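Both of the next two complexes hold chain A, though its partner changes from chain B to chain C.
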Partner chain A sequence: MRPNPPLVRYGLLAAPIVFIAVFLIGPLAVMFAWGFWERVGFSVRPAFTLEHYAAFLDGARLFVLERGLVVAISVTVISLLIAYPIAYFLAIRVKREVARAVLLLFTVPFLVNYVIRNFALAYLLSRSGPINRALIDIGLVDKAVDWLLFSDFAVFTGLIASYMPFMIYPLWLSLAGIDRRLVEASWMLGAPPIATFLKITLPLSMPGVFAAAIFGFVGAFGESAVPIILGGVGYQLMGNTITSALDVLDYPLAAAMSSVVVAMMLVLLAAWYMVFDIRSFLGKITRWKFRP
Partner chain B sequence: MTARRIGFWLCWGYLGLVLVFLYMPLVPPFVFSFTDKVGGGPTLAWYAALGDNRVLMGAIRASLLVAVITAVITPPLALLAAMGVRELRAPRAILLLVLMPLFIPGVSMGLATAFFFQQLGIAPSIWTIVVVHVMWSLPFAFLIILTVMATFDPVYLEAAYVHGAGRWRAFVDVELPLIRPGVMGAAIFSMILSFNETVRTALVQGPWNTVQTYIWSSYLQIGLSPTLHAVMSILIALTLGLVTLMLALALRRGRRV
Partner chain C sequence: MLSGAAALAPWSRALAAGGGTINFADIGVGDPGDWSKFTKATGWDVNLVAIGNAPSAILNVLIAGGGRQIYDVINIVGGMQKPLVEVDLIDAIDTARMPNWQKNSYISDYLAPGTPGFDFIGYKNQVYGVPTILQGDSFAYLPDATGPLDSYGALFDPKWKGFVALEDNFTTAGQKTALYLKSSGMATINDPANMTPSELKTVIDFLIEKKREGQFRVIWTGFEQAVNLLTSKEVYVMDAWEPMVFVARSQGTNAEYARPKEGFLLWAMVAYIVNNPDRSEERTQAAYDFLNFLLGPWYGAQITLTRGYMTNPASVAYAAAHADQFSTDKAKKIAAIDANVKSKFELGGTWQNRWPTHIREYESEWARFKAA
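Now for the complex of A and B:
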């Protein structure tokens, strides 16, 4: 047996880590730095100034931050309420192969560009769109409902449609990984189904709930296209406020706002990392049959 | 019917409703792209006119090129990451690092990468687009390959070592054939994600256009048109086609094992 030189082997295994370190950590570091740098014309110069954070936090943009938080938290909670029953049903009540097929069905719309899907949603929700026509035809309303589009309702619908489908997957992963004997033991000891759910299933699925929540929250919080398509003129969330700072070439301001979003994500991710074992969220797929 | 069975079918009903809500937006682009603007009758004119749009054709070529390069680069990287994770017995920090691109909003990632390249003096090109696409598809490809690798029993590798194979031979002759469907699936998945990326791409594209950024900038400048609906229909059809291909590969694997 001729073992490969360890240098080559570890070099290969380290390649993806190096790639991520250079093209993920590197860019994030530059972005954090630029948030503190001076703006010179259309470019930036190394310095340490807090003026961009000040411009962000004391102007009308503070309102954007507040609204962004409210919208992102509400969307995350609603999406969890929609997705959890689906994941639970697929993990507990349905055969594994059927569950996989249905999960794929939920993945397909997530794969189709969400910008395209949101254009279509804008049409479906518009004054002359099919939903309004149907409402009028069945006599529920006399004239077109105009809060369907360019409203909080529209933005919420768009954000949920964009991010909820992929939240089902981590929920399902953690629910499917639960040892069924724990649930059975709870039944046998006489606990009613609701108590079993609250005391056994729900706590054990928390790694998945948290992963899904971070995914949904960060997605909705940093979203830039949905408020433009479905919110209408002047509907600002963090994402499109950042792109509008870019449009006027104010790079440090865009960097500062984007840093706030990423910092929030990092805090949530760190909390997730401290509280849960990521491997338990990934369930069976990281439990190899290791030999001593 | 017992209450339990009624509950079971109610659950399916609920699931169906959510699926209808998610699939509904896939229909309108097809309707608009086949409808004549004047008479409202069916027409193929919008599709026929696509070939004359040189900017769009350039964008399609760029998209295809980027998608193919992404599909070639991402799976080996994801495979190496998955093997590294197994080798080191699933260290949590590395898992977190590989999954992190999932949790970064598109705007922040695109902007950070654009600033990064600007800082290094690297001009936007096909390759700056490829970098953000690979980064975006890497965690998905990683999860897919990890799932398939979990079904592979490392005892086969031990057997290969016992019979004198080196690590490389054992990997290429024993493990790779068994996990190949996962690697193929990861490649197709990366290609789908690459085709459907807008926000990150728009910030690092420079003078280049992909189909998605072409659609987005046309929408911002002049609004939607039947031509754009035709392009979007093609993209939806292409995505559904690739998903079907991925499903077919998965089913073939299911039959063989």
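Now for the complex of A and C:
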């Protein structure tokens, strides 16, 4: 007797669903709940209070949230401007074998521990580091440039170096999946290259752009090591301020801040889901759910 | 002459019980590199596990990580009794079960009940921890760039604008700043170790003002990072730990550790017995034997030598008398470190307060400083 196909299908689905429910949704639900619970000594007690959200929104941490948003959005935009031409070149202009080799090379930074990677960057950018020495040796500056390290520049450099390579992959996937006949048709109809890019290639690659933007934004927004190592005098992003609250066992405040961050991420993901057909990210469908 | 069980030293009793393994959680400072002396004396091995020193990390290890069932002893920077006792994570200590306790004059001199130092080992008149390390912190500087410095005022001196680093810790950098403001008469602060919210606000406002003037180059968070700041001459004056200066010197940097006229930030590493109601009496006795070993002369000498901190008074004499274990140079180094730290305690200052009364305000104000 053959097994009942729906039962097999549901059985196969059950394991990952249970896993996600227990180990992903469960902790998130606890976190959301704790944000409203009362703090009693060093523990928490079920209740409904907005005290922790008020503490978050009234204090210096709101400024951290605002700065975190500005930094994450800026880093995402700059990273897109760097990653898109690289992905375009790899998807359109070079042979697939070469593209694959180059894409493999972009994984190398992730093989190095991120703390060590950032310390190496700090060395490069320091007052006595090789960049400053080179600038002095070639006579561009008289003394070491201070703002290379422990500055906005250093944090942006660190974040872009950390997350831009991640963004190349969805962009490349999206661009490589575009039906070349559409581009060729545009040429044959007399559209100049820039018009072809703006009217054909860019719109069709938008699912990849949005996916890449989410990769970059989520990473930069939640980052904590880069601001600590490269940021200088207390450069804080949300990850740092949440950790700081945990250090004094203020779990409800940390939970409230984390809930806000997760909610913002969910809004972004929901927007992506609403606007794009997820299969279009893989280049299989060249249309949006809602035409622009 | 005594006979039978009554004559057995605690270590011998444990040996007679057959031994096992003491699980010892430590923040990376309490490892002498060799536990064979303890094992030989008691029959118990030691399994050392590195843990973080942040309160949240410690509580996570003991509560969420099941540490109460795993660890027998944890060795961290002391003064954490309030949170640890209130959530029932550590046991009160019976000092009579450790012969080396009574021999340790540093405990009676610096950590006696009724003194600020007691807050590092006790809570509500009860001893909960055994001091394994004693130290006084100030700041490091590069004398070739600054000349001699003897006041925390150097951290805020416009002459070193942009070449100063602070530790990312409100109980160190914040307290040192409070000590400076109080000593210099720039602010009225009753107790730099336990400030009121308004006193704390005064300190943080001062730090923010200095930050906006560009006084500070960076707030450091780790040992290696801090050493690199000195050796690369990225900063000239740094709120720091003394071993960082030792490491910087070993790498060829002329660095000094200041003796500020305002005094030192005093602190102690403390070993606690983890509260585990299911622990057998044999294991509890072994934990006490282990604490007694941590108070002993060989362990103290070894830790002073390798970590640069003062431990117990017997360590100096032990190192001098055991040339087979500590060469003359090493014994001299141990004696010098011990004398140096002892002089810090004699000068005084303020005891670090790991868990001030208004700790939530401390964290919130420190976040305000960092975000400013």
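Criterion: the second predicted complex is superposed on the first by the 267 of 292 C-alpha atoms of A that agree within 3 Å, B and C clash if a C-alpha of one lies under 4 Å from a C-alpha of the other, contacts with A are read in each partner's own complex, and residues count from 1 in each chain.
In this section, a contact is a pair of C-beta atoms (placed from the backbone, for glycine too) under 8 Å apart; a residue touches a chain by one contact, two chains touch by 3 or more.
Nothing here was measured: the structure is a model prediction, and the numbers come from that model.
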| item | value |
| --- | --- |
| Which superposed partner A:219 touches (first chain B, second chain C, both, neither) | first |
| Chain B versus chain C as contact partner of A:74, first or second or both or neither | neither |
| Superposed model, chain A: greater residue contact from chain B or chain C | B |
| Touched partner set for A:59, first chain B, second chain C, both or neither | second |
| Partner chain(s) touched by A:151 [first = chain B, second = chain C, both, neither] | neither |
| First (chain B), second (chain C), both or neither touched by A:246 | both |
| Which of chain B and chain C A:119 touches, first, second, both or neither | both |
| Which of chain B and chain C A:234 touches, first, second, both or neither | second |
| Set intersection of chain A contacts, chain C complex versus chain B complex | 119, 123, 228, 246 |
| Chain A contact footprint on chain C (complex, rising order) | 54-56, 59, 83, 86-87, 162, 166, 168, 211, 216-219, 221, 224-225, 228, 232-234, 359-360, 362-364, 366-372 |
| Chain C contact footprint on chain A (complex, rising order) | 41-43, 55, 59-61, 63-64, 67, 119, 122-123, 126-129, 146, 149-150, 228-229, 232-236, 240-241, 244-250 |
| Chain B residues touching chain A - in the complex, by the definition given at the top | 8, 11, 14-15, 18-19, 21-29, 77-78, 80-81, 83-87, 89-90, 92, 94-109, 111-113, 115-116, 119, 131, 134-135, 138, 143, 146-147, 149-150, 153-155, 158, 161, 164-168, 192-193, 195-199, 203, 212, 215-216, 219-220, 224, 232, 235-236, 239-240, 243, 247 |
| Chain B contact footprint on chain A (complex, rising order) | 1-4, 9, 12-17, 19-20, 23-24, 26-28, 30-31, 34, 82, 85-86, 89, 93, 102, 104-109, 111-121, 123-124, 161, 165, 214-215, 218-219, 221-225, 228, 238-239, 242-243, 246, 251, 254-255, 258, 261-262, 265, 268-269, 273, 277-279, 282, 284-291 |
